[in-house]
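Notes follow the structure.
Labels run A, B, C, D and E following the written order; every chain starts at residue 1.
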Amino acid sequence: MAVETVKCDFKILILATISGGYAGADSVGQLHTDYPANVYVLPVVCPAMFPEDFYLRTFERGIDAILVMYSGTDCPYKGGAERTAVIINHVYPLMETRGIDTRRLRLAAICTVCTKPFLNEVIQMNHVLQEIGPVRQKRNVPVPV
Amino acid sequence: MSTRVDPNLLIDLQDYGAVGAEKCFNCGTCTAMCPLTSDEHPFPRNMIRLAQVGAKEQLLASTDPWLCYYCGDCASTCPKEAEPGETMMALRRWLTAQYDPTGLSAKLYTSETAVIKTIVRIGLIVLVLFIGYHALTGFHNIVTNSVQLNTFAPVMLVWALVLLHGSMLFYRMIAGVFKMSRHVLAPVTMGNKVPLRIYLETLPVYITAFATQRRWRDCHGDDEEKHDDGRWFKHFLLVTGYVTMLVLILGFLWWFQTDAFYPLWHPQRWLGYYATIVLIYTSSEILIGRWRKTEQLHRFSQPTDWLFPTFILTGAVTGIFVHIFRYAGWAWPTYIIYVIHVMAMVAMLDTEVGVGKWAHLFYRPLAMYLEAIKAKVREEQLVPDFAPTGTD
Amino acid sequence: MSDKREDAKKRAILLKQLREAHKETVAHAQEKLKAQQAVRRDICKLMREEPKTVPEVAEASGIPAHEVLWHITAMKKYGLVVETGMCGEYYLYQRVKDGKK
Amino acid sequence: MPDKEPLPAEEIRIGVYTCQCGGNISDVVGCARVVKAAGELGNVVVSRTNLSLCSDAGQALIEADIKEKGVNRVVIGACAPSLHEQTFRGTVARAGLNPYFYNHVGIREQASWVHHDNPDGATAKAIRLMAAGVAKARLLEPLEPIRLKAQKHALVIGGGVAGLRAALDIARRGIKVTLIEKSPFLGGHMAQLEQVFPTGDGARDLLKALIQRVVSHANITLYTQAELVGVQGVVGDFTVQICQQSRGISDDRVTAVNVVAPANLPDEFNYGLTTRSVLYQPYPGCYPATPAIDWAHYEDGCLELNGEPLHLQNKPKTFDLAVGAVVVATGFRPYEPPIGEYGYGVLPEVITLPAFIRLLALAGEDERLEFNGRAVKNIAFVHCVGSRQLDGLNEPQPDGQVNDYCSRVCCTATLQATNELHQRYPAINVFDVYEDIRTYGRGHELYYNLASENRVRFLRFHDDELPEVLAAPAGEEHPALVWVTDYLTWGQSLELPVDLVVLAVGMMPNPVDDIIKLLKINAGSDRFLAEVHPKLRPVETAVPGVLLAGTAQGPMNIQESCAAASAAAAKVAVLLGQGYVELEPFVAIVNPALCDGSGECIKECCYEDAISMQPVMVNGTEKVTAVVCAANCAGCGVCVGACPNRAIDLQGWTLKQYEAMVDALAAEDLFALELA
Amino acid sequence: MKNLQVDALVVGGGIAGMQSALDLADQGFHVALVEKEASIGGKMISLSKVFPTLDCCSCITTPKMSAVAHHENITLLTYCEVVALEQNGASYRAQINKKPRYVNEESCTGCRLCEYACPLDLPSAFDMGLGAQRVIRVPFSTAVPQKAVLDIDNCILCGKCENVCPVADCIDFTQTAVTFEIHADAIVLATGFELTPTDAKAEYGGGKLRNVVDALTVERFLAPTGPYGHVLRPSDGKEPESIAYVQCAGSRDISLGVAYCSRICCMYAIKQAMLLSGALPLADITIYYMDIRTFGKGYEQFYQNARAMGIEFVRGKVARIHEDAAQNPVVRVEQIDDGSVVEREHDMVVLSVGMLPSYNPGLIYNVPVAADDGFVAQSAANISPCLTYQPGIFVAGTAAGPMDIVDSIVMAGAAAAETAAYLEERRAVGMAGNGRSPQTTSVKEVSYA
């Protein structure tokens, strides 16, 4: 199993709003539905707080994909959702200029009970990564057995 | 195919003594408790349910009520106190009434006045017959200086009347039997006739069932604490006594009712004594039980349940007195008690055949017999089986 | 030093008094303890060398299986017995080699 | 933190605790491996695991480490932060540490519970998440909660039994209450009931007594025909905007008013079984007693006073209120079956249970029950209409969802109706068509028993073989037929000839999308308003200061609604009774040294007066920088992403902390730790 | 022991009592919580996971237990019982009997060294007799307070515990019961419930069949702190492959004298079935039932999930259970859906026992119970469900009839609201003991001469 794990050892970072995506991820947990273990969810108040360079820096550090799970129209903060979308749209061209596949960044609205959409996002992103490979090709990590 | 729910049957059944069928919430405890249920006959809940939805046709086609011997396990474990056993009892009464083409049974079951009226009427008819006979013979046949019973009541005349009366009753019973058979066999015959061969081949079922009522012994199942062959045995004794008496009267009255004193070793005396003692013992036992209401099956006695043991006791006791008075040579007391004896016996037969234990005694083995016929028909695949589970 | 001895003495006297006061329950409990120790000895003997299942211990010792299970459960709770795996539908238990605890 | 004293450069000593959660975590995640890996991270001085950290013993363990081992930052890997973050914050505070020197990492819902098939992966993930938690912990700052003045005044939305009960209980605690009711009269759906289970009391008698207590209470102000139209502010200090319609005619003139037309509007109080006029009162003895104008049907000239036409105008007035908390008791509406469901809307003989209750009430002392001019002899009740629906089998609601929940009250309500029916019309045959009888509550089973004894005939269907209601063939005695595949009769198809079919319809929440939006609360997938946690915080919403009462939250009977309302009142009293509210200190803060006064943050901020440009002293020189007003800051962080200089940050959620967490998650060297 | 003056006395330290106490204390009222056992937590603390969220039960209970123990406005009194109550003007004077722990409650650190040293094991009531506990022990791992308690009736007075105890004079065999008074203006009864005893029904083996257990036992099997640490059947420790639930084994059955529905059994059976199929993936689980009553928020979906998981639901009330030669319980039931009677053998049968009233407050509190179910009678059941027929005495949780945890917690909140309003209103008319307002009260313990 160890080999298998390393093969798909992509890292997906999820920035999830406490009022939406993070609670949604917790809901998935409460349903005891399994999904790949390469997904790391960090709670955020509102992803609008992250400037464009935060995303670029994250990819540079070796995170293979970022899913921004904001609350969309349910965002409890005025202007938060719109602002998030604006920033993400700014990031795409910056990614292109740096040769980072733009499919590595996705913005999705996830609510507290959006368990299926959450899983869909995670699975789809894993499919994308299977196709396009890791963000950095030069990992010389010993293969654990 | 659908059945239209008839809300009235449950109300009608209450007249026959159903005391809790409406309370049943169909949990199935009773059926699973009952040691007599089988895959083909999972009662009593199925019967209660059919009663609740008023499925008359399905009830008429069922023999399940006759397969229950009312041990009371269903009632003592029922979570709703719905008295499933009593509903089975009520259904037996109701079925008896349905089988009876004269409609008399229905009347007797549902009306206490009808019962009393019938008894009084029949008793009076007997009395009138006696008085009429003696009036016609100018009261010459009443010998008072010695006991001349066969002169007071000429045995062949009495026998002829007994046979005549018997055949009338026999007609009613046979009609009931035919009606029951028609309904019960309908699901397998589908309009065709069951070959006579099958009737004859399965006849032993009827005979053993009638003679032994063996099923009864399975009551309470393997619960050793409650298991009680005594009740079955008492009943068996009663049957032997009753049948002995019946055979003596129907077949050998000329031998049984005699002015001659047989010696003590004579079988006539022994048969008579045996029957009388057994009848007195068992009937008084039953009456005491009913009076105390200790056993589940006695908790909801109806008048018709009292009739049979009461009459048996009356018949046996009066019979003994006739015997004693005859020995003592007291003419008038012998004649009077004899008339009462005959009145009671005739009244008993008339009421019992329609509604009492007589009917039970008769229909129970018949139910088993019909089931055996059905099984045989199915086994031989004479007709396809379309009957749904639990309904036949 | 003498203080301690004094204390110990006092305590011994107190316990004795208490034992007297609770005579019946103490006697009853002592019986229970004796019986428990005897049963435990039998059970532990069987599990010392190799792990055994509850029915195996029950069969070999003649103690009813449910009682064996209870004693093993108790000893497991206080670290005297460990679970070593499964054999069919039953867990295997072994007496901890050295140890009271 | 420029405003504060520079902290003495203390050594950062982190304690890492991995909770086994009674096996919930440790069944999948190798807690020992997590402990070992975390123990090797920088600044970590203690790394432990415990069966249940939230227990007294577990908390004591952490306290002891803080006191004895000098731990000054705490990282806990346990269940979701929403459950126990507060618990442990209290633990840390009890040990004398700033409660915000604490970071909670969710490794149950987001590791052990979602990677059952991959214990190694789950363990590795837990290690990385814990490492990220430690990375954040290194950068934690001490924070002080923001203490806000609390208005000792609550708003209760909804004048049904739950709203009334909540208002009364809050008022009885010495807190002012404003109760607003959308309709012109108090009482809600309870007013439409007659006898109520389990006591058999008259619904309107109970209600009248409750309303009497509410309206006579000095602390309660009441507005009917009033709706919530605006909300600003936060817990303790909301400003709510309320819009109230005109009632129409004053008390002294109302008796003299003559209604010209329209006088035959369907009376919703009786579910259209009767009509009412444009100036109406739902029932005698209602509160307020003054009749109200139905503005939707009002036309000029339809009313006369002393023979002269009256000219009325609805002039809604809007006003603001300052309240500390809001109780949402917006109630339910009965499920409205779509045309054709069990013959509803197609056969005139099919009505809903609420309408049937009105029908019985209207029948009064009549000797026989009539419907559509025909004597009713047989009635069938059908359970679970609009409840316990299955996807693909039932027609979904406009939102695409079926009502897959149980409405809780319909079983007992139906049996109560059959019992009342039997009492008044013993000759009527009653059929009850059900899936499961759910007379769960105290005394409810007695209603079932009584119904059985009343010879109600029960028929039981399977959820995938629903009964059918059809018109009877011409010439039949009874106009409708109900077909049931009855599983008490071993699946036989049974036919019920009936004169009336009563559908025991379920509950749906009143549509309150506007209120949900205004208060920023959530509804669950069943559309009822969602509580935070059914056991930990059963009457609270995710928005502090907004509470739930009654059937807005889910199906409940009167007793349960009242209990929930009282429980909400207790929470309001806890919140406002002290006169102040403490808020979490997660607001934006400006580093004046980095701020160049560009104003980008103000441009993006959507909150009034949250950030402003003000002169401040920085290193002895005055300069104009952004300044945050904590009470008005929502803490969203939009300003953080907008600042070109990283001069503004969110307390407790700083950008640097996120970068550190990302670094920890991405770190390669953690592999060694994971495999340890 | 000093006498106490408090605003409210809460009787019972289960979830309802704890929640009432917390909701009152958070409003600034002073509360005394009296619990007869050595630890608070009630029945809830012994459960494994709770429906419908499947949260770990102790994760919900222990923080509340901890909060009660730490709350500055709550005085927690465990191992205490109210033995008499007097009306003292408009308030109450309760006489409390504190049972001896034989351990000094102040100085015990809960280190459990005594427990390990004790030589005698006893069946543990906390584990339904299937696990063991020592004569001296901390009641259970998450007990609050974490203090040892000694069972003097089973003690041989060997003194081993005393020898190992690291705290001087902590174990004290001479301790006796102590009596003191609590003066309270209001009382909340949260005295809880009892379960139907397993020997209640002769047809179900009368408590003699070892592999017929009640549902609370299964909770212990499923709990990580349970006796076996696995799900094993009690007769021989076999891991069961087939488990059956018998619903209404104590409810809705007049032959048992209980006509009412116990409200929780359907959900806990479904929950346990789901947890069991997680713990024993190969096991077949069957639930025999009459009506499934999953009426609460999210419950119906829970039931549908269980059906989708493959848990078998059989309609029919089990009539009898007997044992075969291998001690496998055999149930006999009519399967209502097709009317057939079957006998099915299982490895273990779980009785979904019901709730019975555990305490009649008539004698001490003069609070009547309802004639039909024996639970505390509610004087205004619909509008004010927490009122009893005794002014100033309120009821919360399962003392007022069967209810699940969610409903108990909500009702506990309601009882706190009623009590708080009652106290406030009494103060307004000057009837309160000292005319204190909750915010200004600073005296917590007052000694009475």
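The rule we apply is simple: contacts are C-beta pairs under 8 Å (C-beta built on N, C-alpha and C of every residue); 3 or more make two chains touch, one makes a residue touch a chain.
This is a predicted model, so every value here is computed, not measured.
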Query = Where the contacts of chain B and chain C overlap, which chains show up?
reply = E
Inquiry  = By Cα centroids, which chain is closest to the centre of the whole protein?
reply    = E
Key: Farthest chain (mean CA position) relative to chain B   = A
Message = From the mean C-alpha coordinate of chain B to that of chain D, what's the distance rounded to whole Å?
response = 68
Message = Can you compute the centre-to-centre distance for chain A and chain B, using the mean CA position of each chain? Integer Å is fine.
response = 85
Request  = List the centre-to-centre spacing of chain C and chain D in whole Å, with centres computed as mean CA coordinates.
outcome  = 54
Request  = Indicate the whole-number Å distance between the mean C-alpha point of chain C and the mean C-alpha point of chain E.
outcome  = 30
Ask   = Residues of chain A touching 2+ other chains?
value = 30, 32
Inquiry  = If a residue has to touch 2 or more other chains to count, which residues of chain C qualify?
reply    = none
Task = Hunt down the residues of chain B that sit against at least two other chains at once, touch-wise.
result = 25-26, 46, 80, 389-390
Key: Sites on chain D touched by chain E in the complex   = 20-24, 26, 51-52, 54-60, 79, 83-84, 87, 90, 94, 161, 165, 169, 172-174, 196, 198-199, 201, 206, 209-210, 387-388, 390, 404-406, 408, 436-446, 449, 462, 487-488, 490-491, 526, 528, 533-536, 538-539, 553-555, 558-560, 562-571, 573-574, 577-579
Remark   = Residue positions on chain E within touch of chain B in the complex are 203, 248, 252-256, 290, 316-320, 332-336, 338-341
Inquiry  = Applying the document's contact rule, which stretches of chain E touch chain D when the two form their complex?
reply    = 23, 26-28, 49-50, 52-53, 55-56, 58-60, 62-63, 65-67, 69-70, 110, 141-146, 223-225, 252, 259-261, 263, 291-301, 304, 315, 336-339, 372-373, 375, 381-386, 400-402, 405-407, 409-418, 420-421, 424-425, 428, 438-439
Key: chain C to chain E touching residues, read off their complex   = 11, 14-15, 18-19, 22, 25-26, 28-30, 32-33, 36, 53-55, 58, 65-66, 68-74, 76-78, 83, 86, 89-91, 101
Remark   = Per the touch rule above, chain B residues touching chain D in the complex are 1-5, 7, 10-11, 22-26, 46, 49-50, 52-53, 55, 80, 388-391
